[in-house]
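Paired with chain B in one complex and with chain C in the other, chain A is shared by the two complexes that follow.
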Partner chain A sequence: MTTLEQLYQAVIDGKNKDARALAQRALDEGANPGDIVDKALVPAMAAVGERFKSNEIFVPEMLVAARAMKEAMGVLEPRLVAAGITPKYTALIGTVQGDLHDIGKNLVAVMWRGSNFRVIDLGSNVPATKFVSAINEHRPHLVGLSALLTTTMPAMVETVRAIRSAGCPPVKIMVGGAPISQQFADEVGADGFAPDAASAAEKARALVESA
Partner chain B sequence: MEPRERYMAVLEGGRPDMLPRMPILMQFAAEHIGSYYGAFASDHRVLVEANLRCAEEFGIDQLSAISDPYRETAGFGAPIEFPRNGVPICLKPPLEEDPDLARLSRPDPLKAPRMRDRVDAVSAYKARAGGRYSIMGWVEGPAAEAADLRGVSNFFVDLLDDPAYASALMARCVDTAIDFARAQVAAGADTVGIGDAVASQVSAKLYESLILPHERRLVAAVHEMRARVRLHICGNIRHLLSGIASLGLDIVDIDHMVSLAEARRVLGPNIVLAGNVDPVACVMRGSPEAIASAVRQCYAEAGEPFMVAAGCEIPASTPPANLAALCRPIVPR
Partner chain C sequence: MTAEHIGLQTPDGRHELAVAGAEASLPLSEVLRLRGFPLNTRCGGRGLCGGCEIELRAGSLGRAADGARVAAGAARLRSCQMRLRGEDVEIALPAGSLLRHDPAVVAEFRINIPWARDPLVPGVRYGAAVDVGTTTVALLLCDLGTGAVVGDASSFNAQIRFGEDVITRIQRCSADPEALGQLQRAVAAETITPLLREACGQCGVAPGDVGAMAVAGNTTMLHLLAGVDPTPMGVHPFRPAFLGHRTYSPRDVGLAFGGSAAQVHLLPGPAAYVGADLAAGMVATGMIYDEGPALLIDVGTNGEIIAKVGDRLVGCATAAGPAFEGSGLTSGTRAVRGAIERIRLRTGPFAAELGLIGAADRPLGICGSAYVDFLWEARRLGILQANGRFDGAFCSRAGDAIEAGTYGRRLRLNASASTGAIWISELDIARLLQAKAAIAAGTSTLLHLLGKAPADFRRIYLAGGFGFHLSLEHAIGCGLLAGFGAGQVQVVGNTSLGGAYLVLNDRSLLGEMAGACRAMEAVELNLQPGFEDAYIDNLVLP
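Right after this comes the complex of A and B.
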């Protein structure tokens, strides 16, 4: 196996120490840091997402894969920055006001990063006004709104309304979370919905590439 | 039949006059009586009044002590905040940064204020309506409480990185769950609900090897107290059903994303299935007729023994007419 193949497998298996060492070894062997991301890390997270979608793996395995990717990126990022290599797309994500759950939002952020988005995570319990000001500040291509509780679905409605009516720069809005459906997304005027983190990565790319 | 007779008839293999109605109420009940969730979760008098009035008005057969996930977590020392209209917040999981189990004391359910408040709720139910209604106490399951103590992500990673630690933590959680269940049964609960929702997010392999043995010990302990057990793992538990079948449960809640027919096939003919009307799309947002039809469809899929419920909690903004439709009497076939 090549070093990149080993790195790919280490991320899938959630072996964070191996992932860091292999990313360093790939650099030492002269690999381009952008190629390491594109040929090992992005495909690894895509494979993790597929396995999650098909119920081959579950949230714990996703979390350790994400941790391994983060370790590898910790080695690569200084070299990426120095080479002027940045992700093509930027996304904001947060859990809407009143909702403190962050696992689903975190998994989507991981999958978006694994699809080579720059992701700005606003955290949980985020007021609509904070989404609006962050959009004005960062000018993202995409905003993701998450809610786990049925009781916070109205806050999602309010956040979409605020983003649409605040004179923000054009931005695609995706919604997701346990009680959210495509019907709800359509009703609130969101551009996209995904039922799981892996689908959220596919949907995000489709949305920004069609813009 | 009185509600409790109806409930026990199903559990004992008899024929009730109508299917027991078992929806889980929290914020809805609080707001329905003009109160709010923060009061419901922090003062048993509000919880008891809200559930009793909803039981009378809608025809619900069981009074529940469920309120939020953090009764035991508070007993273990976590600070809890009570927003007026939201789920209580655990400000700092006790083992989030330092996983050392030696730091955990074993809470006394009659002294830890939030645990005592739930025991007092059960006592109040018993005093006010014990003969008429079934009374369900509530404890957190081993995975749910471990996740509350460590933080959900930390606990999930523990399951893979250090299964021995995760198991030791769950054993401590079950010790406390048993103490808490015993206090509630002594106060008058005929049933103990076990909530273990985070278990739905792990593989069948992890569930069966690490979580199930702890759930099994808890279920057996409650049965030794001569109380019934209702397991609630909301979400998609299709992959966990074969493990759950081995727990010896009396009642299992089935959420809307799991087929009741499949649950019946895997769990067998004796366990009571409760569910599984979609709580948001149908109960909160559907019409009363659509809800009543969905209940009949659930019954047809589940077969006997069956109790009426939504897949999870009744959302706060559900129109009262919709809950009434969910609870519309159905005479067993």
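Right after this comes the complex of A and C.
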């Protein structure tokens, strides 16, 4: 197996230390950092997403694979920046105000990175005003709002309203999290919803490519 | 040396004691114990609790630390810190200071401290201890004259129809002004009242003769029972309306028992997501009197972990989900009669030996302790891979015990399907791994924060609905208690109910419970940088 094939497999198997070492080895062997992303990491996360959707893997394996992907990206990112390679699309993501949960949000962020998005993560407990100012600053194609607690869904409504108001550049909005449904997404006027991190990557591509 | 005379007044009457020689130089609590009046020295005579307090009516005593003279007065004195000083004394012993019960296993919990017979509501014949869980409510009926448990009952919390977790129930209160009243009726009139009636029926006690109730539970459950809006607890910074001890008349909270003097006491809690159920556990395990370092791990839908290191008490909550309570799994069940509580596996050919709770013709399902057995045994025998998947080679040899389904493969544990097959699926294992990871990552993050290693802990108290039959070797081996040794861990059962039972029988504990609540620092795991990594690390089997 080539180093890139091994890296692909290490990400799918969730071997984070191997993934990091293999990404480094690929660089040492002279591979282009952009190629490592396109030929190993992006297909690996696509495969993980497919397997998740067909119930071949469950949440634990998905989280383990996403971390391996993140570790490999950590090695590649400085080189990508140095080479001036930036993904075509930019996305902002954050957990809405009042909610401190971010494991699900972080998983979506990795899946988006694995679909060639530059992802700016605003963290958890993010007020609507902070989303708006970050949109003004980064001009993303997409913004993702996450909520795990049923009780913080009103904060999501408020955040969508703030992003849609005057003074905020137009942007596609995606919502997600355990209590969120397509119906809720429609009610609040979001552009997209995904029931899990695997479909969130696909949905994100569809939204920005249709824009 | 002449003999000193102690005039001792106890709730039972007056006693005259003559003390002489070496005995007179011992701590006063020790002198009294040797004379047949053992005191409630739950901190081990280290001056940390009020269990050995006396009233000095006449004469004087010497303070053990510096020999200073302490004259008779109104203030109560901790007798473990006092010595006789060659003078006759008159001493009164309050009911709360007389040891009546040694540490013991009571019903479904273990109590590690001695306790007195000084009931929560004086003059009352019967009292009830209640643990209000999000899923399950348990009640004990006590004869407060003897401390004996005379009835017990448990059932699901009728609030479940409004949502399975506390957050859903909080959300209903914020969305619908009628919901708070409905939730209060569900737990009071529809859950606790029938349980009390059932327990009373077991021993022929009239509910009208029950005069006291001590209630432990998580902070949300106590808000809903009290009819207090829990809405602010639904969003960060998660502020409860109250945490302190509260007293109500049964009628005020929709309960029906006792006369006009009957009281319902809600126990104090430390924080929004580390509640009175854990405060009760800190007292029942004796942890607050421990020299430590000690850990209390309560495995429930919401797992809570409290560490005592030196004088510090630090607690956190971790969302484990209900898998170890048997909920949401293919053949899962609560730890009730007929449930499989123990599993031993063999390969070549594959066979499972199942141990049931009580006598039953056929297994009802699998409860938490048996799932822990399975994770360990199946991994050890190579049936399961580290990622929680069935091993391919095992599957090809297992014949019709393995079946492929929509949600991965599943393994049948009982030989004959005619009595109802018992299955464990790969999706079940994924859910168990998530529950295990939440507890293990919560524990390791808390330890990291305190700069401690597992081996530094003198005692780990493992509480929760597993039952007493949990194999510690397997809990450690499957990674639930990773890094600890079986010799460090004590299984303590439902200590929330245990703490409520204690306070019901010995009200002096209430103040010390409240003190521990004020002292505890709550840590938000989601804000700890290492938590997510630790969680993912623990999503595999060792």
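To be clear about the criterion, the second predicted complex is superposed on the first by the 210 of 211 C-alpha atoms of A that agree within 3 Å, B and C clash if a C-alpha of one lies under 4 Å from a C-alpha of the other, contacts with A are read in each partner's own complex, and residues count from 1 in each chain.
Simple rule for what comes next: a residue touches a chain if its C-beta (ideal position, glycine included) is under 8 Å from a C-beta of that chain, and two chains touch if they have at least 3 such contacts.
This structure is a prediction, so every number in the text was calculated from the model and none was measured.
Student: Once the structures are superposed on A, label A:Asn106 by its partner contacts, choosing first (chain B), second (chain C), both or neither.
Tutor: both
Student: Applying the touch criterion given at the start, work out whether A:Thr90 contacts chain B, chain C, both or neither, answering first, second, both or neither.
Tutor: After superposition on chain A, A:Thr90 lies in contact with neither partner.
Student: Once the shared chain is lined up, is A:Ser146 touching chain B (first), chain C (second), both, or neither of them?
Tutor: neither
Student: Would you check which partner chain A:Gly14 touches, where first means chain B only, second means chain C only, and both and neither mean what they say?
Tutor: both
Student: After superposition on the shared chain, which partner residues are touched by A:Gln6: those of chain B (first), chain C (second), both, or neither?
Tutor: The answer is neither, since A:Gln6 touches no partner chain.
Student: Counting only touches as set out at the top, which of chain B and chain C does A:Ser124 meet: first, second, both, neither?
Tutor: The answer is second: A:Ser124 touches chain C but not chain B.
Student: State whether A:Thr159 touches chain B only (first), chain C only (second), both chains, or neither.
Tutor: neither
Student: Return the residues of chain A at which the contacts from chain B and from chain C coincide.
Tutor: Residues 14, 55, 58-61, 63-64, 67, 98, 100, 103, 106, 149-151, 153-154, which sit in both footprints.
Student: List the residues on chain A that touch chain C in their complex, please.
Tutor: 14, 55-56, 58-61, 63-64, 67, 97-103, 106, 124-125, 149-155
Student: Over in the complex, which chain C residues touch chain A? Could you list them?
Tutor: 167-168, 170-171, 174, 231, 234-236, 387-388, 406-408, 426-427, 430, 433-434, 437, 524, 526-527, 532-533, 535-536, 539-540
Student: Give the list of chain A residues in touch with chain B in this complex.
Tutor: Contact set of chain A toward chain B: 14, 55, 57-61, 63-64, 67, 98, 100, 103, 106, 149-151, 153-154, 178-179, 181, 183.
Student: If you look only at chain B, which of its residues touch chain A in the complex?
Tutor: 27, 83, 85-87, 89, 152-153, 156-157, 159-161, 201-203, 206, 235, 239, 279-281, 284, 313, 315-317
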